[in-house]
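The letters A, B, C and D name the chains in turn, as written, and every chain counts its residues from 1.
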Amino acid sequence: MTALAAAASQTSTGEAVQFWVLGIVAVIGALSTVLMKKAVHSALSLAGTMIVLAVFYLANGAYFLGIVQIVVYTGAIMMLFLFVVMLVGVTAADSLKETLKGQRWLAAGCGLGFGVLLIAGIGNASLNSFNGLGTANTEHGGNVEGLASLIFTKYVFAFEITGALLITATVGAMVLTHRERTERARTQREMSEQRVRGKQLPPLPAPGVYARHNAVDIPGLLPDGTPAGLTVMQTLRNRGQIRDVSNESLDRLKALEQRSEERLGRGNDEEEVAK
Amino acid sequence: MENLIALLVAAPLLGAAVLLCGGRRLDRAGHWLGTLLAAVSFVIGVVLFLDMLGKGAEDRTLHQKLFSWIPVEGFQADVAFQLDQLSMTFVLLITGVGTLIHIYSIGYMEHDERRRRFFGYLNLFLAAMLILVVADNYLLLYVGWEGVGLASYLLIGFWQHKPSAATAAKKAFLVNRVGDMGLSIAIMLMFTTFGTFAFGPVLAATGETSEGKLTAIGLMLLLAACGKSAQVPLQSWLGDAMEGPTPVSALIHAATMVTAGVYLIVRSGAIFNAAPDAQLAVVVVGAVTLLFGAIVGCAKDDIKKALAGSTMSQIGYMILAAGLGPIGYVFAIMHLVTHGFFKAGLFLGAGSVMHGMNDEVDMRKFGGLRKYMPVTFITFGLGYLAIIGFPGLSGFFSKDKIIEAAFAKGGTEGWILGSVALLGAAITAFYMTRVMLLTFFGEKRWQPDAEGHQPHPHESPKSMTIPMIVLAFGSVFAGGFFSIGDRFLNWLEPVTGHSHGHAPIGAATVTAATMVVLVIGVAIAWAMYGRKPVPVVAPRGSLLTRAARRDLLQDDFNHVVLVRGGEHLTRSLVYVDHTLVDGVVNGTAASMGGLSGRLRKLQNGYARSYAVSMFGGTAVLIAATLLMRAV
Amino acid sequence: MSFPLLTATAALPAIGAVATAAVPAARRTAAKWLALVFSLATLVLAGIALARFEPGGERYQLTESHAWIKDFGVRYELGVDGIGVVLMALTALLIPFVILAGWHDADPLETKSSRWRPTQGFFALILMVEAMVILSFEATDVFLFYILFEAMLIPMYFLIGGFGDRAHTGSDENAAAQRSYAAVKFLLYNLVGGLIMLAAVIGLYVVAGTFSLSEIAEARANGSLSMATSTERWLFLGFFFAFAVKAPLWPLHTWLPNAMGEATSPVAVLITAVVDKVGTFAMLRFCLQLFPEASKWATPVIVVLALISIVYGALLAVGQRDIKRLIAYASISHFGFIILGIFAMTSQGQSGATLYMVNHGISTAALMLVAGFLITRRGSRLIADYGGVQKVAPVLAGTFLIGGLATLSLPGLAPFVSEFLVLVGTFSAYPAAGVIATTGIVLAALYVLVLYQRTMTGPVKAEVQGMADLKVRELVVVLPLIALLLFLGVYPKPLTEIVNPAVQHTMSDVQKKDPQPEVEAAK
Amino acid sequence: MNPVYYLYLAALLFTIGAAGVLIRRNAIVLFMCVELMLNACNLALVTFSRMHGNLDGQIIAFFTMVVAAAEVVVGLAIIVSVFRSRHSASVDDASLMKL
């Protein structure tokens, strides 16, 4: 215990080596999270970064958090991510081509500026002295005990609230993903049977399909030239406001046929004469 | 006695109110009521006159303060009346001639369905004119001044369905308004100079201010007089005003209203006496108008317009006389009164002729009417003789005095003015003889009217002839009555003052010269229109004739410069208002709209874009924090 | 505590507005009568206020004062001086006529559903405007005044945009577009003015530490509050700009012809005769009283702008083809006179300007309402569509002529008194300005007579044939107005007696004395 | 070695994560980047805890983890339901939030 406490309160060369090696791994992992085309690769890279961070937590004397980081984050949350990636489609590769005009440059500019500012801020801060966690961890007999005494005393209210938050999140996730189905889905067979058993077999011809008028009060004509009363809307039928032009139009049709016949007939005659 | 002054004004005002608001119920009795109230006013005038005669010359002036009109700090305008000899003269002229013309109108307007309204307007005119002459301050005078303008507007445009009448009415009012502008500026000047605009204090204090101020006031008053009395350069409305019914022309545009300018100048004599430059301007305006009107009168074939030209010219005489100063004031008023008689008579005669000739006004279509309308002929003839200054008749006395006074002005000025006045007399003789010959003598040149009715000239009804006869009496005897024993002079002198000039030539010489030019004028007219037949269609005439027919191109000038110019100005201003003034505003609005359209594109709906903004914002915040800490 | 008469006068129409709005859709006529009764009751209260006002007494009378927003020292402070009480009475007087004249203007179109109830809304909005205008004439707290000044835009916006003149040329859609353009323009212009004023109001608070007019005036008078010259000028400009938009003064006038042209004629009367008066009134009460030095500093420019307004408005009126726009431009010319009179800073000028506000309200109401009756009959606003109306509808023509004659300030009618006072007052301070303004009387005659000639005289046009003369309701609207014009033209003394002391107070605020006549000065 | 370097690393990771949020369109990857940012914060908190010598920083990091877990659960559920209706996990496709 004392050795660990000492490691936490001062920086050893070993920790420096570990920092520089693992730090590079973490940055590479973060970059590939951002830059990988496939979501699965991103997820895996992120998992790597998180494990590295867990090690850093341990190195910083946060033993409990280090373990939690591995178990909860890398183990549970990242798996959840992977599940969703599977659900959405593993193979779906994103195009990294930017569609928003200027977005990438703005993002890069902002990111760079932000980073520089942050680092400059840290550099400016006077953080050269640090106390180490030795006394804090040993006060209650260990890191976990120390955390527990804080959580259940000072932070107990926040702790309860987070519990409620988690429950709410769980219910929310269920509500969001749950699809309600109250009746049995109809089979294809049932659907086709229903279609055949209905009042009308085909859709009604619209007014004007066969007619020579397109007014709504004039019924469409059936192929034999008789009016199909059903093509006029119910209201007009009830009022008896159907204009029956079947005979006229039949006559007109006949006259037309006759005229064309005459013309054709004469043409035929001439052809015959020519022959 | 004082209270009668208000009654004098109130009678016709009541008549106007009743007749105009009374509605159709009064149609049958309206004209009687109007005439009665005019007569009542006349009777009150006579009573006041008799009362005045009974007093000594010094305490004849009556004052009556009715109520305080506009009391504002430092500014007191009262409705108060002042009746002195000058006002009295006008009151009698206005109510007397006014009553006669009311009577005449009963017959003349018999067939007009809006006769009640006509009498209402006439009463309104009488009331306004009476306010004008009995006011004791310039502001109240201004009320009457505009009031008669309104009445004149309504009466000229009485036949509103005729576009020409409506236009003439509008023109009269507008030109008068230009003159009114002069009067209101004059009143403002008086207020800033004297602190008041009541006649008494203002006229008494003329010695206490600079001549420049007085000249300015005088010129502004002259502008007002020019407008109301149709003097050059504001004379153009009078000819057109003949669109009104003839009684109106007789009363308003011959006998009374147009002489208000003369009244104004004579009333303000003290101001003009102290401002010789303004006086000179008055004289010039009078002399120019005298000739202008006479020349126009020579060329007109429309009988009323010829008479209108004559009116202008005669008022020119009066203005000329008034401009001469104390030498002329009395004679200006005397001529005004005699002119009131004979010109009203002439107009009524002309109306009678038109009445008999299907409302024809072109003299070239008259001729030989003396046999058909004997009364009209005789009364018109007497008026004619009076106006040309036939010895012994009214015009002779009054005009002769003015010519004498003009000569008496002295120096080169006197000679020029005298000659102009003499020349005017000659032209007067010419054009009046022309009117007489064309109308009553020579061949019949009658033409059927537009609907094809051949005219059947006939004598007018009694209600029309009686006023003509009365006026003819006035035309014959008034001048003599006034002049014998200098009655009129003695009557007015306490108000206007009088001084005898030193004429370079004797009175007898002037009279002789007048007679000579009169004969020349008549002779020329006879040679041109009496000896040989007159063509029905007017010959083209000389350049001067043609110009005179068009009122010496005054209207053309007005049209080109004022009307057209004004139209262009307003049109361009409308354009400027729309494009420039409004355009700036709308442009601002449009540019704002454009800007917001651009800014709207930032809201593209992509969450990542918004995220960039937030991220950038955070960066800026951090930078700001660091900077603040650094500082 | 005495009865809060001023609050009651303003509250009554507000209550009336709510009551009218609550009338069910079907009871349209009841809503109209309700509105009329409320406006008449307001008139009675305003009459009582006028009667209880003592011209020789305190400057502000019938005062009420209650704390409102304590943190900012905003108080609900009311009080009227002679000018305020007269204008308040004018407003209360005109509204019944506006309501009567607009009796049928907001009847629902048949095509709309039965739940559509514009009539209630129309009359409720009119009463709302009345309430706000009356209260703004009474407010002696700058902040309270500002709120009312802005708030009255809201009902006005809906009145202009929602109830257009049905006599329009062109299609309905086009007319609707024109109308909404006019309403938005009205709103934007006045909002911009109000915004700048708000900045100035806040600035005033920062400088003075209070919004109370009387406190500031007192502090200024006894020297405990002194403003830097530039501060005072900026604050003055902020206030003046808002009032000049409202008044309106050239070149901020272009909203008025649009608004008056597109609105129904009663609403047009409301705009020009009632709401715009708040602008000129506020110049007298706030600009001169709060910023006397800056007012004097700005006078030359304002006088020039007022002169431009007079001549420019009149010339544009001559060039108009639309009757209502013509009257609008005539109003711009008249507002020029009012502002000229205020800033001439002479007793005559300011008394004249105050009377002018009253008389212009009455005369424009008469002319505009008769014009509205005419337009409703023929269904067109264009002058060219009329001719010979005099022959078929003589009473209409006669009343129109009298309204027109009042507009051109004929002596004997009320506007003459005020116009002449303004002219004299201006002339004694600035002779050249007085002379230029006098040309306005010629131009006024021109546009009025041209309008009368083109519409009323000449041969009777076919479309005009058979036009009905004025009905009883319309006569009830017009005749009292004409009677008032005549009465105030002949005997304006009751008004001048109330106004004079207030004007003397204003004159002492700006520390100006009337120029002495030359002759007396010499003595 | 100075533990401040952990802070630099945290800043770097945070910036990378943020840039990823801005650049990537796939909602899942976007979430991963958010997780990366949270982790970077946690690292910083843990480092601070060590520096100050008390455990409050670790407590906060612990709570952050809990909240992150909740957020991931709900966020992924949303992604799934959006994917169901739109057949796309791209955040740019859900761009109806404009005029």
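Here, contacts are C-beta pairs under 8 Å (C-beta built on N, C-alpha and C of every residue); 3 or more make two chains touch, one makes a residue touch a chain.
From a predicted model like this one, the values you see are computed outputs, not experimental measurements.
The chains touching chain A as well as chain D are B. A comparison of the B-C and A-B interfaces places the larger number of contacting C-beta pairs at B-C.
Chain A and chain C, compared by their mean Cα positions, are separated by 62 Å. The geometric centre of chain B is 37 Å away from that of chain C, both derived from CA atoms.
Mean C-alpha positions place chain A and chain B at a centre distance of 93 Å.
Averaged Cα coordinates give chain B a centre that lies 97 Å from the centre of chain D.
Those residues of chain D in touch with two or more other chains are numbered 18, 22, 25, 92. Residue positions of chain A touching 2 or more other chains: 100, 103, 106-107, 110-111, 114, 118. Counting partner chains per residue, chain B has residues 604, 606, 608, 612, 615 touching two or more of them.
By the touch rule above, chain D contacts chain A in their complex via residues 1-9, 11-20, 22-26, 28-29, 31-33, 35-36, 39, 42-43, 46-47, 49-56, 58-59, 61-63, 65-74, 76-81, 83, 89, 92.
The residues of chain A lying in touch with chain B in their complex are 100, 103, 106-107, 110-111, 113-114, 117-118, 120-121, 124. Residue ranges of chain C in contact with chain B, taken from their complex: 185, 188-189, 250-251, 253-254, 312, 315-316, 318-320, 347-348, 351-352, 388, 390-391, 398, 405, 410-412, 416-417, 420-421, 423-424, 427-428, 431, 434-435, 438-439, 441-442, 445-446, 449-450, 452-453, 456-460, 490-493, 496-497, 500, 503-504, 514-520, 522.
On chain D, the positions that touch chain B within their shared complex are 18, 21-22, 25, 91-92, 94-99. Considering their complex, residues 604, 606, 608-609, 612, 615-616, 618-619, 622-623, 626, 629 of chain B touch chain A.
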